[in-house]
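Going in written order, the chains are labelled A, B, C and D, and every chain counts its residues from 1.
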Amino acid sequence: MWLYLCKRVVLGAVIVVVAVSLLYSMIHLVPGDPVKIVLGPRASPELQAAIHEKLGLNDPLPVQILNFLGNVATGDLGVDVFKNRPVADIVLEQLPHTVVLVVTGIGWAMLLGIPLGCASAIHRNSVLDRIAGVLSVSCIAIPSFVVAIYAVMLFAVTLKWLPAIGAGERGNLASQAWHLVLPAFAVGLSWVGYLARLVRASMLEILGEAHVRTARAFGLPERTIVLKYVLRLAILPTITLLGMGIGILISSAVFAEIVFARPGVGRLIFDAVSTRNYPVVMGAVLITTVLFVVSTTLSDLINALVDPRLRSEE
Amino acid sequence: MSAILEVEGVRVRYRVKPALRALLEGGSEAFIDAVAGVSLTIGEGETFGLVGESGSGKTTLARSIMGLLRPREGSIRFRGRELVGIGPRALKAFRREVGAMFQDPVGSLSPRLTVRSLLSEPFRIHGLRERDLQGEVRRLLRMVGLSDEFASRYPHQLSGGQARRIGVARALALGPKLVIADEPTAGLDVSVQGEVLNLLHRLQQELGISILAISHNLNVVRHITDRLGVMYLGRLVEQGPTDAIFEEPRHPYTLALLSANPHPDPDAVADRLELSGEIPSPMERPSGCEFHPRCPFVQARCRESHPGIEGMERGHAFRCFYPVGG
Amino acid sequence: MRRGAKGAVLEVRALSVEFSTARGPLKALRNVDLDVPAGSVVGVVGESGSGKSTLAGAVMRLLAENTRITAGEVRFEGRDLLRASNAEMRAIRGERISMVFQDPMTSLNPVLSIGTQMVDIQYRRDRSREEKNARAVEMLRRVGIPDAERRMAHYPHQFSGGMRQRVAIAMALETEPALLIADEPTTALDATLEVQIIHRLKDLQRSEGCAILFISHHLGVIAELCDYVVVMYGGEVVERGTVRDIFHRPGHPYTEKLLECDPARIADRSRDLPTIPGDVPDLVALPRGCVFAPRCAKAVDVCGRDAPPDVWLEEGHEAKCHLAAKAGGGAASGFEGGAASGAGPRAGAGAASGTAAESGAGEGAGAGTRTASGGAPA
Amino acid sequence: MAVTTTAAATPALENLGAWTAFRRSIGRVVREPLGALGLFMVVLIVGSAIGADWLAPFDPNKIDIRAKLEPPSVEHLLGTDQLGRDIFSRVLVGGQIALKVSLVAIGAALAVGLVLGLIAGFGPRWLDHGLVLLFDTVRSFPTVMFALALITLLGPSLETVVVVVVVTQIPIYARMVRTQTLALRSAEFIMAERVMGAGFFRILAVHILPNVIGPLLILASMDIPFVITIEAGLSFLGMGVRPPTPSWGTILNDGYSFLYNTPWPAIAGGLPVIITTLGFTFLGESLRDVFDPKLRKDV
């Protein structure tokens, strides 16, 4: 178990290091001077040189990457040249908003999707299963930003049930929750489909395995079979999917934050791209990537807790 | 009778742990010897049977003879030419002269090719396109007793016995000198396995090929082999003429294996040597004679030292300090 | 043979099962009759596609979704399992009938320790957790698993194939069932392990006193373990009898050929092994007459025309063959020849009713034939 | 002489078989209601995109400020936008853009992914490990975040969208090809071919590729909705297609600004996205069910 844990964590760390290096070298592989991109073409040569020096862009690329990695390790993601504030502070300030949105989105998707998938698998080929199947595929197919816009149109503009924009009053939890409903709906809808379909597929796969027949042959109650013998195995791929889901949902969150005019990392990066503030863009990408790696590693570890075969792997 | 294949002291080693892990953890070995020093000789026109249970290393040995695995030590000579460490061109030339059959009759046929393509494959591989491929396919199908209509079928449309016949035809397509058959009757019903064995035997008589037949079932190879080798944990524990081994097995493992197949007669006197325990993992090779933890006749010496070839009479050799019989 | 006192734990009557396939219904079992007398071992032998595993599945009512039981009865301890409710069936499974499956690698749950699985199946017992644990450990010991107490916490992947099959047998016998169904339990094992398992099974059967329905394609194992044998071919029972009837005096050409083909039986080393030419019948489009006729060397005109009757050869020994009827004494007509003989694996039903003995005896010299659908005498 | 007849006869026969099999499969797809619906939607969208130049009643970029934000009418089927451009024409041409982007991007990603996957599957272990690490790393960037980072550097354009899709999709194809190759590599029939003396390239071309390409194409067809979503999404953010070129994303974005008074531009921008993604998803699902029921797409 410990060996497995160490392996996963080290692998996660290596991925982060490679990701940081990739991201950093990308800036330099792209034609054009990054300083010019930031400052615009009309900046004076002196200013460009000063910024060059300040950002350490005169060193050879590997040295720059190592420096950058060292800085990242100490929590220093560089400085926002415009506001003159540490990028890490700016991003971490926005992160909670995004995390709340992502977690709420995936939370309601789980609550609906997993039971739906189970029910579909147990009552295979029933009317419920067929309807759930079509609905899940449709949920998956429709992009979240289209869902967001249509939801605003329907629930906020036409029906006026829910607020369209903003994150709610500062300090007023009820208002914030109220403002979270539509964005979380938009972000999570496709996940209802993903989860329902995956849970159904893996349940069916496990239900067809020989050991389930053994459990049946011993007359175990169907409840025990489904909850203890099947679900425990069927949930494994779902945990993996949820781990990856965090990363995918961050992408949807960008759209949700813009459509619903909410604060968050998505909004931050969008504004930074518009002003070509690349240190902030890099910082935001980096932090969300780390979040993704942490969540996938975590899901691997949970899988290992459930599945003894993973623990004793090799 | 001159030898067509000489295997000498072949050892095949698998790495089971990455080097770094092995270094960190120490303790148990990072390698296992799936084949631990095997020597055997197959004569021209002879059929040699290799018998052993799962994990005995018989398939690994066969694959190293086919050139799919590189032995760590030892030599394999085909008609006097060394095969270990030869270049790709020489290997290809060698492969033109051997035919091979694998365990799964259907799974060893490329799934998206028709029987026609499968049977002309050997000719294409060796650049024999000037031959009448259509005619060759017909000849091969007839040879294994299948009608021409099979040419347009796909492997999944064949029964196990039919697929096995195609496998035989393909192995013999280029007129090889040696055929290596790994479990030629695996997955076949009793009523069909005789067909395949008869076919192999008939073709051997007609074509004068040598055969290396591998099986876990002594009774199956008994009828088609001239000589037999019994493997246990990567070593040949007994080898000799098939009749001699059946009539007078010397190694306790051979005896156990012979008696392990229950006789299909309710009144047969079960004069059986039953073994306890299971084949140990090659990672934890027992000391001394590898068979000693399961051997009913074990003595102190067996635990300490490893028996070499202890007896040898009329080509019948065995590795045991206290052989049964005699 | 008078085993009426014991009776049969399992009586299968005229059982027919179909699979729905893209080409139409596949008649996997047709009119299968089978008795398992209490405390005996009945072997079902047949090659792939003979329907022997389907038979086991039908008795347990654990068949794939596309399967339909079209006719027949499965009487277990006096009640028809095919008409039992799901709840009644569940009460029987694992309590009165238990099962050991072919593949020891996949038949245990991979994420639950074997201790958990062995305790779970005792859920009906009014025992404390410790008692259930103790019972599980005891069973593991009895099937020959060393260090049983410690092994309880292990997961299936930590056992070798042979050990897993022992665990499966321990589980199956843990609840003291009246009938154990073993579906090719040793096929996936090496020969030296197979012998170990067979012997262990036989010892346990004697001490526990349960009946075993043992399914295998391995003639040697059947000969060694079973008291009665049923030979299946193409979804039908073609011959039944005591183990000696079948192995010494086979009455059906298929049984004869099957025995001939087993290389272990051929005493002299031969380079020309006997085979059964031809392919197994297509169960979607069955041949007319006898299912074995297309491959039978002895087939005559009538074989390709009419379905053969069950021919009474001797007490408890029957074969479904036109030729057996001829050989048996000339009463080859295939007409109703009288009541069923109360013998062989079918003994229980007849003997329990108390009429089989007379009717069997009353048939005298002639070979009694019966239509295939003939049930037990009332 | 016999050789030529053999060579000619064999492939012809096999092609006939493949063609019949293909027709039968399409038949089976259409027999499913969702498959038929999907096929219909895809034909509709692809047809209207191909014929956009003839079908569009107006120049999609012709500004007519007097006719701005007109509701749907016979003349303007989907109304006009804030610059008085005909939305129906813009939707048709936008479809062209969306399909072009997805075809080019998926084609490129497929080719590169296939090669990298084969290298990882067949190459030495260290190379395999390295490539898998690279794939996993690229997959850990949240797609849109990564896209925005690239756009900062390259500037928003159609080409950038294509680059984003190619870079993010390569690992998905490559991993799949790698898994399949690894499984096939140790398959008995490949071993049999090796023992017969077949060379590396023959094994690759005759025995591995035909078994890998089918599932890969199905995966690619199921990826079209994703790519269209990315294109429309980035254009919606103003980071994709540059104005005045029409894109479903930009139409949506324009419409979104006027959502409270004139909802039709937003509806008109969103509908084609939904029809396309649903159509391709339904079709892809039934294709997968027909051809390869075991294949399960990792999200």
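The definition used in the following text is that contacts are C-beta pairs under 8 Å (C-beta built on N, C-alpha and C of every residue); 3 or more make two chains touch, one makes a residue touch a chain.
Not measured: the values here are computed from a predicted model.
**Student:** In this assembly, which chains make contact with chain A and also with chain B?
**Tutor:** C, D
**Student:** Quick one: which chain's Cα centre is the longest way from chain D's?
**Tutor:** Taking each chain's C-alpha mean as its centre, the farthest from chain D is C.
**Student:** Consider the two chain pairs B-C and B-D; indicate the one with the greater count of contacting C-beta pairs.
**Tutor:** Taking the two pairs in turn, the one with more contacts turns out to be B-C.
**Student:** Can you compute the centre-to-centre distance for chain A and chain C, using the mean CA position of each chain? Integer Å is fine.
**Tutor:** That pair's centroid distance is 56 Å.
**Student:** Express in whole angstrom the distance between the two chain centres, defined as the mean CA positions of chain B and chain D.
**Tutor:** About 49 Å, centre to centre.
**Student:** Averaging over Cα atoms per chain, report the distance between chain B and chain C in Å.
**Tutor:** Each chain reduced to its C-alpha mean, chain B and chain C end up 34 Å apart.
**Student:** Residue numbers of chain B touching chain D in their complex, please.
**Tutor:** 63, 66-68, 91-92, 95-96, 98, 100, 102-104, 107-114, 116-117, 121-122, 125-126, 129-135, 152, 167, 170
**Student:** Touching chain C in the complex: which residues of chain B?
**Tutor:** 53-54, 159, 161, 189-195, 197-198, 201, 216-217, 219-220, 222-224, 242-243, 246, 256-257, 260-268, 270, 272, 274-276, 278-279
**Student:** Within their complex, state which residues of chain C touch chain A.
**Tutor:** Where chain C meets chain A, its residues are 60, 62, 89-95, 98-99, 101, 103, 106-113, 120-121, 123-124, 155, 157-158, 168, 171, 175.
**Student:** Which residues of chain D touch chain A in their complex?
**Tutor:** 34, 133-134, 136-138, 140-146, 148-154, 225, 229, 232-233, 236-237, 239, 252, 256, 259-260, 263, 266-267, 270, 273-274, 277-278, 280-282, 285, 296, 299
**Student:** Okay, in this complex, where on chain A does chain D touch?
**Tutor:** 14-15, 18-19, 22-23, 26-27, 30, 32, 34, 37, 134, 137-138, 140-143, 145-146, 149-150, 152-153, 157-158, 194, 198, 201, 241, 244-245, 247-248, 250-252, 254-255, 258-259, 266, 269-270, 272-273, 276, 278, 281-282, 284-285, 288-289, 292-293, 296
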